[in-house]
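Single-structure report; data block below.
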Amino acid sequence: MKEIISPGQAAKMVRDGMSVMVGGFMVVGTPTAIVDAVVREGAKDLTLIVNDTGFPEQGVGKMVSADQLKKVIVSHIGTNKITGEKMNNKEIEVELVPQGTLAEQIRAGGSGLGGVLTPTGVGTVVQEGKRVINVDGQDYLLATPLRADVALLKAHKADRAGNLVFRRAARNFNPLMATAADLVIVEVEEVLEIGEIDPDEVVTPGIFVDYLVMGEVQQDG
Amino acid sequence: MDKQEKRNMIARRVAREFKDGDVVNLGIGMPTLVANFIDGDKKVILQSENGFLGVGPAPEPGQEDPDVVNAGGQIVSILAGGACFDSAVSFGIIRGGHVDATVLGALEVDEEGNLANWMIPGKLVPGMGGAMDLVVGAQKVIIATEHCNKKGEPKILRRCKLPLTATKEVDLIVTELAVIEVTLSGLLLREVAEDSSIEEVKEKTEAELIIPDEVGVLR
Amino acid sequence: MKEIISPGQAAKMVRDGMSVMVGGFMVVGTPTAIVDAVVREGAKDLTLIVNDTGFPEQGVGKMVSADQLKKVIVSHIGTNKITGEKMNNKEIEVELVPQGTLAEQIRAGGSGLGGVLTPTGVGTVVQEGKRVINVDGQDYLLATPLRADVALLKAHKADRAGNLVFRRAARNFNPLMATAADLVIVEVEEVLEIGEIDPDEVVTPGIFVDYLVMGEVQQDG
Amino acid sequence: MDKQEKRNMIARRVAREFKDGDVVNLGIGMPTLVANFIDGDKKVILQSENGFLGVGPAPEPGQEDPDVVNAGGQIVSILAGGACFDSAVSFGIIRGGHVDATVLGALEVDEEGNLANWMIPGKLVPGMGGAMDLVVGAQKVIIATEHCNKKGEPKILRRCKLPLTATKEVDLIVTELAVIEVTLSGLLLREVAEDSSIEEVKEKTEAELIIPDEVGVLR
C-alpha cells in the first residue's frame, strides 16, 4: 500500500542541490500541485531534468522564475523566455538534448544500460564532447544514462499498489522517469483500490512508485 | 500573394507528397497547416511526437480535452484507431524509420541536404526539441518554407551557416516559388510557381540549381 | 484497415533464406496457427530470432524438427532437446544471447539505435567477439541491433487499424518484434472494429502491423 | 534428510532473507520452492521475467489460465495489484536494479562470488535465458543449492571451472549444510545446520572459508 501524501510533504523531500526529474510536455502531464509546492518550499540549486521548461507562470517555469535551478537538462526552452534570459546571463546552465536522446538517456538510467548509440545529432553541435562510435559503417553518438535523486510525476490514476495509468498526451516522459530516480512521487487524479486496474492495463508498475499525491482533477472537455 | 496565401500554397503542395497509408509528422508552424490540405481519399496517419498517433482536427468548442494537445501545444483530437505512448516509444517510432514523412520549417537548407532550423547563436536558442530526431529518422524529410527570409535573403544556400539540425537528410524543399528536390548531384528544380519563373527562382536561391529539360508548374 | 489473411497465406510470405522473428516464451504468446502453416509450407534455410525454441512438438520447435532452420538467435534451448542435438551435429547454428540483451537488440533494431551498452555478460563467454565499451569506469558490452525480414506474432485482440493488446505473459517479445521487421503478421484471437480499443490501452500501434491472422481462440481458465 | 527435506530447508532459510516490500525473482527449480515459505506478514512481490509482477500460487484445478505461466512454464496466477509488461521492460526492471533479490541455483560458485549455472561444455547447453541479466542486475544474489553435486563433489570452489554466468555478483549461498556470505575478504561462514558441523562444511567446501567467532545455527 503506497502512502498518500500532500503536495507540501512531497515538496519537502526535494532538498537543496538535488537532481529532479519532472514529467510533462508543455505542462501537459506535469504534476502542477507538487511543482507549486516545491516553489513554495523553495529548494535551491536544483538540477532539473525535463522535456521543456513550460511557461513563465506555468509548470516548471515557476521554478525557473523562482531561481531554484542551477542547471537544466532539457530538449526545448522556447516556450519560456525567462529560461533563455537566465541562460544568456549565465544564471542557469542549460544543456540542450534532442528529445529522443533525452528519452533514451532516462530509459537507460532506469534500466541499467551504460548508454545507447543514436544517429541523432551526428555532424551537429550536439556531437561536441560526445563519444562517436561506428557500427557497421555508420557513426552514432553515445548517449549516457541519466538518473535523478527524485522524480515528480503525473499520472491519471493509480491503485494503492502504485500501479499507474496515464491519459492521452499526458503520458510523455512520466513512465520513463518513474524508472530512473531514487525517490518517485506521483500526483494522480484518482486513487483506486488494489485490483481495480487490470494487470494488462498497467503502464507503470507500482514497484517504481514511492508516494502518491492527490492533485486537482482535470476537467475533461 | 499575401503571407497567408503563400503559406496555404506551400502547405497544399506538400500535402500532395503523401501516399495512402503514410505515417506523417508535421512540425510546428506552417507544417501544421498541411493537415488541412490532405486529400480525403488518402488515409494519412499523423503522429505527434509528444505521444500519439491519429492526430485529428481541433474539437468543437466545449469539447476540448486539455490532455490532447499536439507538439506545438495546440488542442487537437485523437481519431478512432489512434494510439498513445510514452516519449521513448514516440521517438522509437521516429528514429526507427516508421514515420514515412516529416514536414519541417527551415532557417537555412543547402545543396547537400543539410538543414538548420533550431537556433541562431546569440539570438534564438529555443532548443532542438524533437527536430533532430525527426530529420534523422523520417524516411522523407520535406522542408516547407518561404523562399527567402524576412530580410529577403535566400534561405536555400550553398552551405548552411547556422548550426545544423542534421546533415544530408533533406529530400524535398517546397516554397511559394518552387519545388526543389535534393539529389546526390545537387538541387534539382522540379516545379516553378505559375506567377514566377526559373530566373526568379535562380535569383532568389544562393545554391546552384540543376534545371532539367522539363520543369513542372507549382500550383 | 488491415487485411485479415489465413495462416497459409501468412506462411507463403515466409520464403527460403529469410530471417524470421517469432514471438512467445515457451510457446505462450507464440502464433501457433501461423507457425504450423510455415511448417506445412516448408520454407528452408531460415534464420530464426526467438526467445526459446519451444518444445519438439510445440511452437517453433516444429520448425526445428522439420529442418527449416539454418541459424537460431535465442536465449534458451533447454526445453527442446532436438535443438541441442542439431546444434551439436552442426545442422543448426545456435547463437545464445542473454534474454535481456536479446530484448534490447530487437528494440534497438526497431527504434533506430546503433546499439545499447549492457553490463550483462561482461567477463563471460558472451563477451567473446563483442566490443567492450567503458563508461564511467564500468565495462559494458555493445549489443547491436537485430532486425528481421518478417515477424510472426501473437496478440490477444486487434482492431482493424492493427492496434494490438496482449494478454498476461503472452505479451513477452511480441511488442518488440512488431517494431523490428519489414513485414509484420499478427495472429489474434479477436478482431475489433476501429474505435473499440481506447488509444490509451493500445500496446502496439497499428502502424507496425501489416496483416492480421485469425488464430484459434484460447480457452481462458 | 531426504532430498525433498533438504530442498525445503534451503528454501525456508532463503525466504527469511527477504524484507517487507522486496521485489524478488525466483529462478527455475529449487528457487521456485522459496515462494512456499515466505512469511505471510511480509509483503514480497514476485517478478517473473517472462513478463509480470505479482506472481501468485497455482490456481485451483479448472481455473488455470494458459497465458499465466512463470518463467519455468508452470501455470501460476497473478495477484491483484500485479502488472504485465513486455520483455524489454521486464529486463529493464531486472538490469536496472529494481529487483531487490534473486534466488538462483548453481553448478559452481566461488570465493570471488563468481557463478556458473548455465552450461556444461559438450554436455548441457540450455542457454542462459534470463540468468545472466538477473545475476548482474538484482541488488542481492542468493544462491540456493545443495552443498555438493550428484557425485558428492564440492560446488563451492576456489575458482569456478565452468563457463561463468557472471563475475563477482553472488552475495549469499544457502545450502542444506550452511549459509555462507560472499565478502570482499572471501567466503564467511554465517550458519551451520543443526545436524552438521563446521568441520563437515569445511570438508565439503573446496573454497577457503572464513570462520567467525560466532557461527549461527541453520534451521
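Each chain carries a letter (A, B, C and D) given by its place in the written order, and its residues are counted from 1.
We adopt the following convention: a contact is a pair of C-beta atoms (placed from the backbone, for glycine too) under 8 Å apart; a residue touches a chain by one contact, two chains touch by 3 or more.
All values derive from a computational prediction rather than experimental measurement.
Chain centre most remote from that of chain C: B (centre = mean of CA atoms). Comparing chain pairs C-D and A-D by the number of C-beta pairs in contact, the larger count belongs to C-D. Taking each chain's centre as the average of its CA atoms, chain A and chain B sit 29 Å apart.
One inter-chain figure worth recording: chain B and chain C are separated by 35 Å, centre to centre, where each centre is the mean of the chain's CA atoms. Touching two or more other chains at once are residues 52, 78, 84-85, 88, 91-92, 94-95, 136-137 of chain B. Taken residue by residue, chain A touches two or more other chains at 104, 107, 112-113, 118-119, 166-168, 171, 199-200, whereas all remaining positions touch fewer. Arrangement of the chains shown, judged by which pairs touch: an irregular graph that fits none of the line, ring, star or complete shapes. The complete set of chain-chain contacts reads A-B, A-C, A-D, B-C, C-D.
Chain C meets chain B in the complex at residues 107, 110-113, 159-161, 163, 179, 194-195, 199-200, 202, 205-208. Looking at the complex, you find that chain D touches chain A at residues 23, 45, 52-54, 78, 80-85, 88, 91-98, 136-137.
Residues of chain C that touch chain A in their complex: 104, 108, 112-119, 133, 135-136, 138, 140, 142, 144, 165-168, 171, 199-201. The touching residues of chain D, counted against chain C in their complex, run 48-52, 59, 62-69, 71, 73, 78, 84-88, 90-92, 94-95, 125-133, 136-137, 163-167.
Listing the residues of chain C that touch chain D in their complex gives 25-26, 28-29, 51-52, 74-79, 84, 87, 94, 96, 98-104, 106-107, 118-126, 166-176, 203, 218-221.
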